[in-house]
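Each structure below is given as structure tokens.
Both of the next two complexes hold subunit A, though its partner changes from subunit B to subunit C.
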Partner chain A sequence: MFKKSLAIGFFMALSMFTRASAVEVPIVGNVAAKCVIVPDTAGVYGNPTPDKLSTATADGGVQPVVRFDVLQANYFKAVISTPTAFSVSPALTDVVNWTGSVSTSKVSVAGMSAYDTNKVVYNNTSEFNLTIAGTTWFKASSTAEYGSDKALPSGTYRAVINAECIAL
Partner chain B sequence: MTNILPKVAGLQINGVIYSYTTVKKTEDNMLVHVQNKNALGPGYIFRSTDDWSKLPSNTIQRAVPVGNIFAENWGEGSIEIEGEGSVTNAFVAYSYQYDPCFDPQSSPVCPGYKIPVEFTVDVVNVTDPLDDELVRKEFERKSSQDDEDEREKARARASATAAERRQSRLEAALSAVNTALMTADATAAANDFFATAALPDNYQIQIPGGEYKETIRLSDAKLPDNPRGARNTWAQQLLHEQMVDLQYANLNPQE
Partner chain C sequence: MKYLLLFLVLALGGKHAWTHEFTPAYPTLEQSYMDGILVTKMLLFNRREDVTYYELSVFDGQWNSIPFAATDKIVEVKYLQRKYVDIFIREKDRSRAVYICSKSKLQTDGGNITVVSSRICSKIK
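Entry: the complex of A and B
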């Protein structure tokens, strides 16, 4: 009885060693966005003077607002650029002088109020290091002055605010 | 909070959303507390603090989740400021939920709803026997009979009283006659009794009136104490004290 059992075990072991095989085990990972940009308020240009378009409230405009939701602190920075050209406009024969700025409009954590102090501005772009997890609303102002006190041609004008969330 | 939240049983608050704008100098220290008192105890049921110290003015908008807390726990809400600065455009909203079937009996569709049992009460027609014509007549007849009996009794009492008065006057007259007769008989009997000389002579002696002074004098100037009587008095006193102490001994047997 004992000898028979040994013989069966030997053949089973032999069959295992002689059958070579390979298996691929997949690994799947999903990365959810930790920085989300949501347009909050669309801007409107006011036309206080014939040669000027402005989003300032005093000029009859509405400042555009963009919201940044950051789930992890110190991993991202917000890069927001004010327009330097119209995406839609009548034919313009003269130069348009652009000015703009970006600042925090609302914050979900009081400490985010320091973003304005620490922001980096170059050309028409403002960069904010998102050092606190939470939500920050950024508002932009944009002004376009046409030529040298030259009246803008009538028509529809559109411009675009570019907002990016860049990983540090 | 009672005038803010709907009055629904089982309402729970699961979040507070607030927004305000600070007005301050950047270099100032400022703490802003958005809070609600605990309606059922001391302290606060909700308190969120924003530290604006050394920060520029800005607008904050926060959504603070809280564990589902029943509405009755939420007391008066306020925004408290510590330090320099102020708050404008304050807005506080409460996110809530409630179970419409918190009370299963609130709706027949709620699980656990029990169909109310309707109790039917049989109306028993109670007939007042006084409403019966025959009974009422019988009562009236009985009443009139009673009145008649009462009047008859009154008449009897009145006639009896008159008879008693007459009899009393007759007895008084007869009594006066008897007294006179008895006095004459007694006088005759007394004379007969004295005539037998059974009584001593001084029985009929007249004692003169006036003052009768003391004529007995004590010869001893001093009456000595009786030592035997003193011992007796002392023994009685001891016995009295023992009897008095007995009642206290019964009250406090340890002593």
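Entry: the complex of A and C
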């Protein structure tokens, strides 16, 4: 009788110990409407002629690519501006003529290809309404031409693409 | 299927996982511990290795600046760090304030490259 009680007690204690040693570690996640901007590829200026810097592949450049991830459709717009000035450059004594454009380079949902036809362009800025949830890659092209066929002074040139994601 | 694809793109997508996140997308202003001052809490997540500082700003619908207070207007957020920031806005500016934005601050070094400045704006509910 005593042995039986002892065995029952032992198993109860063992089961309590087992339960007590199981620790729950919570992982909490939250999926909410959000926009993520990912600078995917840094652009590089090629120097095809002495007076010109260009990100075009044909000119020896690399087009910068920015990725936008949106988790909900119709919640955000992407506003991307190409440069109108160098952030770093040697001293320039003449004007620089800037041209630039932005378009989709890759999309995660086929319907996003309509972004190019529906984009709004003003000055050096392109606006895209992100009407489909998913990922869109936008490539920008930028060209800077110096003075009237003047050679650009040697040195480092750097410009900035502004990528904005604005809640609608 | 769409979300699975999005997940795969996010998980395997770019060559660099350099992202800037600013949430919530639609913050709500609440009464702070001070009279006449409203507050909202924003979360900044920095996954841009090339950026350490983000500038906060508040705008109206026409992109005019609205006065606000925060512990720092330029916030240091190290790579892979999450930081909560409290944005304080005067109650009298409540009807004018529309956007709360965070903008990456870039360093001026590097070669002949174009870099990307990212700005994310949340809309106040």
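Here, the second predicted complex is superposed on the first by the 135 of 168 C-alpha atoms of A that agree within 3 Å, B and C clash if a C-alpha of one lies under 4 Å from a C-alpha of the other, contacts with A are read in each partner's own complex, and residues count from 1 in each chain.
Following the convention adopted for this analysis, a residue touches a chain if its C-beta (ideal position, glycine included) is under 8 Å from a C-beta of that chain, and two chains touch if they have at least 3 such contacts.
It should be emphasised that the depicted structure is a prediction, and the values quoted were computed from it without experimental measurement.
Touch criterion met: A:G111 reaches subunit B, while subunit C stays clear of it. Once the two complexes are laid over each other on the shared chain, residue contacts for A:N97 go to neither subunit B nor subunit C. By the document's definition of touching, neither partner reaches A:N74: not subunit B, not subunit C. Once chain A of one complex is fitted onto chain A of the other, the partner contacts of A:T57 are absent, as it touches neither subunit B nor subunit C.
Ranked by how many residues of subunit A each touches, subunit B and subunit C are led by C. In the superposition on the C-alpha atoms of chain A, the part of subunit A touched by subunit B in one complex and by subunit C in the other spans residues 108-109, 135.
Per the touch definition, subunit A reaches subunit C in the complex via residues 32-45, 47, 53, 55, 64, 66-67, 69, 71, 75-76, 83, 87-88, 108-109, 133-135, 140, 142, 156-168. Those residues of subunit B whose C-beta lies close enough to touch subunit A in the complex are 19, 26, 32, 50-52, 55-63.
In the complex of the two chains, the subunit A residues touching subunit B come out as 104-114, 116-117, 135, 137. Here subunit C touches subunit A in the complex through residues 2-3, 5-6, 9-10, 13-21, 23-26, 48, 50, 99, 106, 108-123, going by the rule given at the top.
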